[in-house]
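Dumping the structure here so I can ask a few things about it.
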Amino acid sequence: MFTLVNGLTTGMAVFLVAAGLTLVFGIMRILNFAHGAFFMIGAYVASTLVGSAPRSVLALVAAAVVAALVVGVLGIVVQRFVLRRIQHVDEHYMLIATFAVMLVCVGFVKLIWGLEFLSVDPPPGIDTGVEIFSLFVPSFSLFIISSGVVVFLVLDFVIHRAWTGKMITAIARDGWMAELLGINVPAGIMAAVGGSFALAGLAGGLLLPNQTLSPALGDTFLLLAFITVVIGGLGNVRGAFIAAILLGLIDGLNTMLLPAYPGVAVYVGMVAFLLLWPNGILGESRL
Amino acid sequence: MNRTLSGLLLIFAGAALVLLPLWANSGLVFLAGTTMVVGVFALSWNLLFGYAGLASFGSGGLFSIGAYTMAVMLRGGFEGQFLLLIALSTLAGGAVALAIGIVALRRSTGIFLAILTLALAELLRITLAKIHWVGAEDGIPNIVRPNFSIGLATVDLGRGNHYYWFLCIACALLVALSWWIAHGRFGRTLRTIRLDIERAAFMGVDTHRYRLVAFTISGAIAACAGALFAPWAQIVTPDIGNMMRSTQPILFTLLGGASSFWGPMIGAFLFSAIEFSTRTLVGIQEIITGSILLGVVLLFPTGVAGAWNALIARLTARPRRDEATSAALQPVKE
Amino acid sequence: MRLNRRHFLATSAAGLGALAMPGILRAQQGEAVRIGLITTLSGPGQLYGNYIKDGSEIAVERLNAAGGVNGAKIELVVRDDKNSPEGAVTAFRELTGNGIKLFAQGTFTANLLGTLPLLEDADVTMVMVGASALALTHEAYNPRAFRLGFSSPMCFGGYGNLMAQKHPEIEKWAMLRSDVTALADITNAFSNGLKAETEKAGRKVEVLDPVLVPYGGADFRNQISNIIGSGAPGLFNVLQGADAISYYKQARTFSLDEKFKVLCDSANEFAIAKAMGANTPASLWSWTGWYPAANKDNAVSDEVHKAYIKLRGDEYPNWYIGVSHDSILTIANAVAKAGSLDAAKLVPTIETETPQGALGKIHFRKEDHAFAGDLTYIRFGRDDKNANGWSVFETAQLPGAEFLERATPGSKLN
Amino acid sequence: MLKASRINAFYGGSHILHGVDLEVPVLGRVAVIGRNGAGKSTLLKSIMNAGPTVNGEVRWEGQSIASLPTFKRARLGLQLVPEDRRIYQHLTVRENIQMAAYATAPGRKPIPAQEIVDRFPMLQPIAERGGGQISGGQQQMVAIARAIACRPRLLLLDEPTEGLAPAIVEQLAVSVRELCQAEQAALLLCEQNIWFARQTTDTVLVMDAGRIAFRGSWQEFDADPDIKQRHLAV
């Protein structure tokens, strides 16, 4: 039972990171290697704002939002000066470019924040646990789960219901036609890419009390987020949401059934998945 | 003109490599040897990517299979049959690639294949790190450089720079083999498939079989590079097949230029040169490497080899310059 | 065209030459005693590599201020092993190619295993900085290398012994460790030390199998919940770096420090308290290789401590600082006493000399060149009265030599 | 209103248009006819700066627009309906029409989607259907309706009759004529269907291998059967 709740927590944490990754894939068709690094920058920025002991949940969320803005602006800079210049060349060059951006980001994080571990505590209110039906659940887990669900619902609404989302999807699916219809496509892409980077920053801020800050933080989540995005069906936010939950549950079952091999089931599960559903759970979708 | 110049450059580079131990520092020699091996490894990756259009993110796993096969056999006392061991390691890599290809290639391509291979390579790494028999995380150290004999002549590869020269020859042979594969009928057919898979299928090409064979060959060469690497580094660890190793050929290929046969090799040497010349600048290595990569990608979006070809085309065909560069640089949109 | 090509050839030759230049220049300088330092200065291990670099530089500064070695200055040539054996070998060959014969190398075992076979050919004498893996003094033993580090059986066997003495009331211990095979040595050693000491006292103790957590993982809650469910009053944690801190953070909501009577951490010492501040567990034991406050009568230790505070403004230096300082000291002392850079003279000198270092008298066991210094354990935890939010409650020291494993140079320890 | 002179257009290395001159007067209706691959689509895309690399001069009401990106040209009132229609499959027909509001020229208001739907009887039953669930003829109507919604000053139609049944082609000709009149829009049409072109335009240009081979009224075109033979026969 606890495994279930915890699986959900892991899943939602991964989803928070994967959300931006799947968006940027939907828009630009690139696997953004630098995503983990931007997640890490978000975490560092937020930690600088709240210090090691945030005063309230609100302060933490506010810091996460500021981190999202900062990382979003960085994302726009990267889009403007790097990605846009090579978007017509060959999509694989995006890979090497984002890889290079990742290296530069990690290097600067080391210079700015140093190598020592930093830690931020959960703010009062979500720093203990609650009993639900005689099951002890850390309230921070509930915070992560609800953050994940909220981010998913907002994202899903924006993409599938709101007009902005319809415009962005129109650009992603057929930018050429969108431009003929008078839509400022470069600006639209810029905003969308900025938005997906901002999601990375937001995730960094929200998950701050969960992890230790070190320049290797980006790596911890990147691979899991990649897997989520792929299993979810590349660029499909709903698919990524389901995939993240599945991933969390598989990982949870792993610790319960195969405690001697932690972390292995995720890979095995993924290989099996890709062979059974070669196009992801909900199929590939251009947003 | 282009060919002669590039050919001369190739001969010059080859000669510089062979003569390197006569004047250079031994660290540089070691680095050059390592770069040759990973260069061949990157070539094998590009056989798959540049010619068959399949991107694998798990090539590090095949490199690792070759290296471990070699290391285990050498430790097991089979030093006498060095050539046989290389063949065995190559076969092992080819067989694994074939098995993966049979299961995976029909079902997934593109990014799915990339992530699938990545996951398999990670599984291999985790498994190797758990097996005490192969040294778990610390790997197999103290790998001997064996004797090498053809007929009556025997060379002790453990002495001096013998293994380095052996590497030069072995890598040259592998490069020649790759060249022959890439430029022969097989390579041409692969490129047809890459450009237009439906047309190729229409023309009666068994596209699946061709891709499978390319996957296998690429895996075999990667494993062979791994096998050559084990006695060179004299230690193998599970990290030899980690994600960084798998991204290496991708990086080298794109840096050098995927459309050129020599691209991956150029990329490998360029990358090593960057790393070696900035070795004393500790602490900001990531920023330097990242910035240089970024600069190269933004300035030469067709890779260094692409830029070189464009430069040659510009110098040799001055009157048609505008058209040549616009053809090379203009993106095709809609 | 022709001019172009010649121009190109000339520039590339010049470029290749420039790559090899630093070596040539250095080789001609001569005079100074050069020591090569190979450590991890990029990637995940950089934190520790930086400590080793700081400690080594402090040592060089102190030694040079005191007149150097037989009148010659010491020069430290630092290289990054890029977190891989190949990287270490490249750096090692580069430096030996430039004539360097004295080396200090440290952080990861595999990187040392890569360079150890090369010592003979280049006539190198090496001190392995802070390394703990058994292989280095057993199956991969090299007579030219000395381990200035604490072997797992020594420091964690001693750890188990200490716990058995301090907490005879605890009859059941749980263990938790990262899924890294090398760390199994640590839990085994702790368990053995604990059992040996309790049996000696005629008591019985139960040690549960370690609970494994993924290395570099993001979420440890399942395992925390498992370990709390075990019902053991004692807990030994073997996680490293960021993993350890994330783990203690996540464990806080489960009130881990109330559920267990004794909490032990393997070797993260103050990294945990420095990161967690006022949220440090109430009481936590840890092993450390060097803690200045525990070395009260050691002037060298105090000087190194002061130099580090001056360098980084940090009052609680990581133990690698002391160990890397003493590694350089060991080499410099041997060169001074032997008056030579040849391993044939240096090795016997190091074997017999016992210079005063920050860790105390530096002495290696002759058979396998294992270090047998004192073992230091500290207990620290949350403290509202201290401005840091935490303080050190007690320290304990044990003689390392008593816990050092059997010497089996050249073959595996059984 | 639109004046393009000495247009050269390239796709990569291949030279498609060779010095094409073209003028569309205010409220003028011009047809460009020619064989497949003559460069008709490239001409329309060149005017919109939507694809080929172009040199030459394009003027809109006397102002050079050569440096403007596609979306700004669209916002001046130039609306291209591409040959493959490109209806957004993830949007409903109504949403597809709304999407064009961005291209409304300054000083004009877009036509509300409801009004458009009311005006095209064919669209009424399918207004809420997804763009992927309608027939080819319906798609063409939606594409034209979408273009009209932003009150364009010049409508550029690329092969609207392609793939349509003859009955629908007749209906389409009527609609296009009426729409241009009602909206006071000029028309530049690329077609292979001469009947349709004749129904909807007054001036005709014949294009062959990237060059203009003939220009004049339909009467002049009919007077010279040689043109048909030389430039249009397959």
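By written order: A, B, C and D. Residues from 1 in each chain.
Everything that follows uses one rule, which is that a residue touches a chain if its C-beta (ideal position, glycine included) is under 8 Å from a C-beta of that chain, and two chains touch if they have at least 3 such contacts.
None of these values were measured; they are calculated from a predicted model.
Undergrad: Please find which chain has its CA centre nearest to the centre of all protein CA atoms in view.
TA: Chain A is the most central one.
Undergrad: Count the C-beta contact pairs for B-C and for A-D, then tell me which is higher.
TA: If we tally the contacting C-beta pairs, B-C comes out ahead.
Undergrad: Can you give the whole-Å distance between the Cα centres of chain C and chain D?
TA: The separation of the two C-alpha centroids amounts to 75 Å.
Undergrad: Would you kindly tell me how far, in whole Å, the mean C-alpha position of chain D lies from that of chain B?
TA: For chain B versus chain D, the centre distance works out to 51 Å.
Undergrad: What's the distance between the Cα centroids of chain B and chain C, rounded to whole Å?
TA: Chain centres of chain B and chain C, defined by C-alpha means, are spaced 36 Å apart.
Undergrad: Where the CA atoms of chain A average out and where those of chain D average out, how many Å apart are those spots?
TA: 43
Undergrad: Could you list the positions in chain A whose residues touch two or more of the other chains?
TA: In chain A, 110, 176, 261, 263 touch at least two other chains.
Undergrad: Among all residues of chain C, which ones touch two or more of the remaining chains?
TA: 50
Undergrad: Listing for chain B: what residues touch at least two other chains?
TA: 130, 283, 285-286, 333-334, in rising order.
Undergrad: For a test of understanding, state which residues of chain A touch chain D in their complex under the given definition.
TA: Within the complex, chain A touches chain D at residues 166-167, 169-170, 173-174, 176-186.
Undergrad: Touching chain A in the complex: which residues of chain C?
TA: So the residues of chain C in touch with chain A come to 43-44, 46-47, 50, 179, 211-219, 221-223, 225-226, 241-243, 245-246, 249-250, 252-254, 271, 274-279.
Undergrad: List the residues on chain B that touch chain C in their complex, please.
TA: Against chain C, the touching part of chain B is residues 1, 5, 8, 12, 16, 23-31, 34, 129-130, 132, 136-139, 141-142, 233-235, 237, 239, 273, 275-277, 279-280, 282-283, 285-286, 315.
Undergrad: Using the touch definition from the top, list the residues of chain A that touch chain B in their complex.
TA: 31, 82, 85-86, 88-90, 92-93, 95-97, 99-108, 110-111, 176, 223, 226-227, 230, 234, 261, 263-264, 267-268, 270-271, 274-275, 278-280
Undergrad: If we count contacts the way the header does, which residues on chain B are in touch with chain A in the complex?
TA: For this pair, the touching residues of chain B are 49, 55, 103-104, 107-108, 111-112, 115-116, 118-120, 122-123, 126, 130, 243, 247, 250-251, 254-255, 258, 283-291, 293-294, 297-298, 301-302, 331, 333-334.
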